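Just below sit the structures, each encoded as structure tokens.
One chain, chain A, appears in both complexes that follow, with chain B as partner in the first and chain C in the second.
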Partner chain A sequence: MKRQGIAILGLVLGVLCIAYSLRLGAIPLTWAQTFDGVWGKADEQTNIIIHELRLPRALMAALSGGVLAASGVIAQAILRNPMAAPSLIGISAGAGFAAALAIVLPIPFLMLLPSIWMLPFAAFLGSALSAGLVFSLARGSGRTDTGMILLAGLAINSLAGAGTGLLTFVADDPQLRNISFWNLGSVAGAEWSQIGVLLLFSLPLIVSVLNSGATLNAWMLGEEEAQLLGVSVERQKRLQMIAIALAVGASVSFTGVIGFIGLIVPHLLRFLIGPDHRSLLLQSFIWGAVLLLVSDLIARVIVVPLELPIGIVTALIGAPYFIFLLRQQYQRSRVYDPA
Partner chain B sequence: MRIVFASFLFAMSATAFAETPRIISLGGGITELVCALDACDKIVAVDTSSTFPESLKALPKVGYARNLSVEGIVALKPTMLLLDADAGPPHVIQKLEALKIPITKVNSGSKLEDARVRIKEVAAALGTPDKGEKLLKEFDTKIAKLSSYQNEKVKKRVLFIYARGGKHLMVAGDNTAVSTLLTLMGAQNAIQGIDGFKPLTAEAVAAAKPDVILMTQSGAESIGGRDAVFALPGIKITPAGANKKLFLDSDLELLTIGPRTADVIEAMHTELGLKG
Partner chain C sequence: MILLKDIQVQKSSRVLLDVPHLRLLGGKVTVILGANGAGKSTLLRVLAGAIKPDQGEVLLFGQRLTEWNTKKLAQSRAMLSQHYSMPFPMSVRELVAMGRFPYLRSRRDETMVDEAMAEMEVSRFAGRSIQTLSGGEQQRAHMARVLLQLKSEDEDAPRLLLLDEPVSSLDIVHQRTLLNKARDAARSGYTVVIVLHDINLAGDYADQFLLMKKGKIIAQTHSLDPELLGEVFDTPMLRIADTNHDKHYFFAGAAR
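After this line comes the complex of A and B, so read on.
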């Protein structure tokens, strides 16, 4: 009952956030103008603002928030590590390095792309390459070792980090700024075509969110136990990791690095609704979307006419609440501690 | 339908312009020109690099010119958006165009000729080409007066260090505003044969043997002031380090060529003890 309540609350909040994302911003709109704008019945400028700016932006925030949070749940379950997040297996760092590369060096074949696709394309290649490298490093004699995934991820992260460091060193001032802005994340540049691409790349993950609750529950008992319960462990590992890599790779390549959501949302929900993956997966998707929508709303309205990088906002509102919950949990567990 | 709306909007913005122009100027060099052409009072917002004249401080800032937000700009209802190749990101410029914000793109080069082009472009955008001609004539006259500086026999070697915090130091090579300034001043850029800004290394600095170090005030502050500059690796063993020769000026004066350039050169020429 509590679970359903929280899911419904999440959905309602999500819809409210989207509505407010459409209404609020540097350009003031009334609710009437907002709704007219959604149906394309307002004046030209309002229509463009709703259709080309605010709506794709809100959808990008919702979809990437959901993808990041749900990927966090899956990564934590598969790798059996509460600290696991998509960023830990090299996806974000690889994307960051490739983005920095595209910012600093004029790469000929990328120059053929329209400017709004240049960085995302490079970043996605980077994330796919680094994720692929991590998995192939962790594979041996027909199985993938989850411990190795974490270690290989760590190594690839450092490598990509060093590469980005090297590029920031040779970058000139404006390029340096562009790299750091990219690393702070933003959904400001969202386009409809990008939403389409992100949705496409997220399909495997969405299927997994809807279907693999029971599998991941079995997984929590241990890989061998899961095997005994009829889970084809190796196949699942591969499929789930590919689903994460595709979805997070696409999301990171459009928004830049938005940290913390993949870590914080799953943990928050475990506090609130327990560890059952059958509801945890979908709820994480919903609440990840809500958190990123709220963050973007704050990022857009708090320093008008400027905008804050969204990654800063997610960490600023997410981290204190997380610490609060963590502390509460700790004190509660101490009360029941017989020693 | 779209076309009807578009033309309606265009007509609206055209009449709005006829009444009260609202200019958003991005880039310190461009903003300075707008003011030099007597249109300072028509500016409604600027970017963070527009620091001259002082009166602009009270205006709303739309942020860093490379990281603009569409709505922030549209909400200020500009009838003219002046920017150069640095403004971005590209998707923001595209959307501003879709929203029919009248954008004028201005030359961003670092040569004397680029400054001349800029003056003409901004004057044309403001609808006051005559004022542009006048400013251009003043500019040319002032620059022509500096010609004697360039007959210097032994040219002083000047090294420009661009700093943004302790770890990020760059030197200016060819095709920078600084190299244009130095040439006009009859000095020599201590760093030759590199294009634009490159990271500074101790050995390159030592090998460049600068007589004088040139920096922006904010740059020198960002690494901790005069003493910190002379403590930079490599500087100590150069003539500039030994004689503690450091010259500071504002970002805008050193990084763009504009109406004040001639005055800057004159002041620096005296300060650096060059003959002319």
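After this line comes the complex of A and C, so read on.
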């Protein structure tokens, strides 16, 4: 019953956050205007603000938050490592490097794309390439070694980080600003077409969120044990990692790097409802959405008329809260088994 | 019936297991005895299909192990391993419920989980994290999960139950509770294979023994004697008779 309560609370908070996201901003609206705007009954300017700016932005925040948090749960389960997050398997760093590359160097065929697609396209290529590289490094004799995924991810992360560093070294000032903003994340400027693409790339992940609970539970015993319980381990590993790479890759491409959601939300929910993946997956998706919506609200209202990059907000809330959680867990003597 | 033919398992050119022929029958408890590194666990894992032998084949109930569907196989054979690690604090109930993984969800699941926990006397830990239990309590919880994995509507379907040192952390009472369950399973038709280190405990439960040494089965026998055991463990063995109960016990060490 506690679990259902928490899920319902998450949904209510999510709707509330979306409502506030529509209302608050550079041009504050009244609730009446906001409500009319949603149905297209307000004045033209308000309609446009809500339909073309704030609604896609809120949905981008919700969807990205859900994707990052659910991917965190899956990565932690498959790699059997509580510290794992999608960023650990090289996806974000690869995207970051490719984005920086696209910002600094004029790449001919990318120039053909409309400007809102140029960076996302480059970033997605980067993330797909680095994720693919990590998996192929971890593959050998017909199986993928999860320990190697972590190590290869670490290596690719530093490599991509070094590449980005090199690019910032040659970049001019406006480019530098672009790169650093991209690496701090933002959901501003989201467009409906981007929501559509992100939704499409997130479909495998969403299917997995709804279906994989029992499989990931079995995975907690280890790969060999999961196999004994009837899990097709290699197939699942491949499918789940592809689902994560597609969804997180697409999300990172549109929003830039948003840290901590993939790590903190799964831990927060394990703390609240326990580690049973049959409910953890969906709840993480819901609460990841809520957390990123809240972060975006904070990012927009705290330094009006400017906006804080959302990655700073998630890290600012995330890191102290994470430490608090770990302390709590320690006192409850539910310390994670390092094995 | 389970049949092993020309099985070889190698690791970096060392032969871990070499079994030219082995046949195991349903309804019987087979106990594997042998020194550390004799290949007992390897044999069990080959039987389970957890590792593929480099050579040879395993026929499980008439079908090659490699041809079994993963889920169907999980309904027909289960294994209790020696060691488990758990990265997250799963509750005992959640752990035991994993035994239902190979089956379609059903309304009876909750009751079956309750029964399985009661059988292994872990019901009172149901809500506790597995990480906070003692080694023996964990072992019982895992045994409950493994037994639950083989419970299905079709009670006549053949089953293989593999237990790798299932009593290593248990107190003497629970050792017998667990082995009684294993024997009950055999009486209901399961093929049961257990690795044990306690020869005298093994004597109370085994219908037959497999004696292993350096990756080979050196004897498949119904009764033990000190000469054979001495050869298996490379140490002199003593047999002590308990004439009151018409039993005998084996101990390591030469007579003085």
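We take it that the second predicted complex is superposed on the first by the 333 of 339 C-alpha atoms of A that agree within 3 Å, B and C clash if a C-alpha of one lies under 4 Å from a C-alpha of the other, contacts with A are read in each partner's own complex, and residues count from 1 in each chain.
Quick note on the criterion: a residue touches a chain if its C-beta (ideal position, glycine included) is under 8 Å from a C-beta of that chain, and two chains touch if they have at least 3 such contacts.
The model shown is predicted, which means the values in this text are computed figures rather than measured ones.
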* Asked: If you stack the two complexes on chain A, which partner ends up touching A:S295: first (chain B), second (chain C), both, or neither?
  -> neither
* Partner chain(s) touched by A:E191 [first = chain B, second = chain C, both, neither] -> first
* Please indicate which partner A:I116 is in contact with in the superposed arrangement: first for chain B, second for chain C, both, or neither. => first
* Asked: Regarding the shared-chain residue A:L306, is it in contact with chain B (first), chain C (second), both, or neither?
  -> first
* Asked: Is A:N178 in contact with chain B, with chain C, with both, or with neither (first, second, both, neither)?
  -> first
* To do: Check whether A:E224 is in contact with chain B, with chain C, with both or with neither, and answer first, second, both or neither.
  => second
* To do: Examine A:I49 and indicate which partner it touches, taking first as chain B and second as chain C; both and neither are also allowed.
  => first
* Shared contact residues on chain A for chain B and chain C? -> none
* Structure fact -> In their shared complex, chain B is touched by residues of chain A numbered 25-28, 43-45, 48-49, 52-53, 115-116, 169-170, 172-174, 176-178, 181, 188-189, 191, 300, 304-307
* Asked: Where on chain B is chain A touching in the complex?
  -> 2, 5-6, 8-9, 45, 60-64, 66-67, 69-76, 86, 89-92, 94-95, 98-100, 162, 164, 168, 170, 196-199
* chain C - residues contacting chain A, complex -> 45, 48-50, 70-71, 73-75, 78-79, 81, 84-91, 94, 97-99, 101-102, 129, 131-132, 149
* Asked: So in the complex, which bits of chain A are touching chain C?
  -> 76, 80-82, 214-215, 217-218, 220-222, 224-225, 227-232, 270, 274-276, 333-337, 339
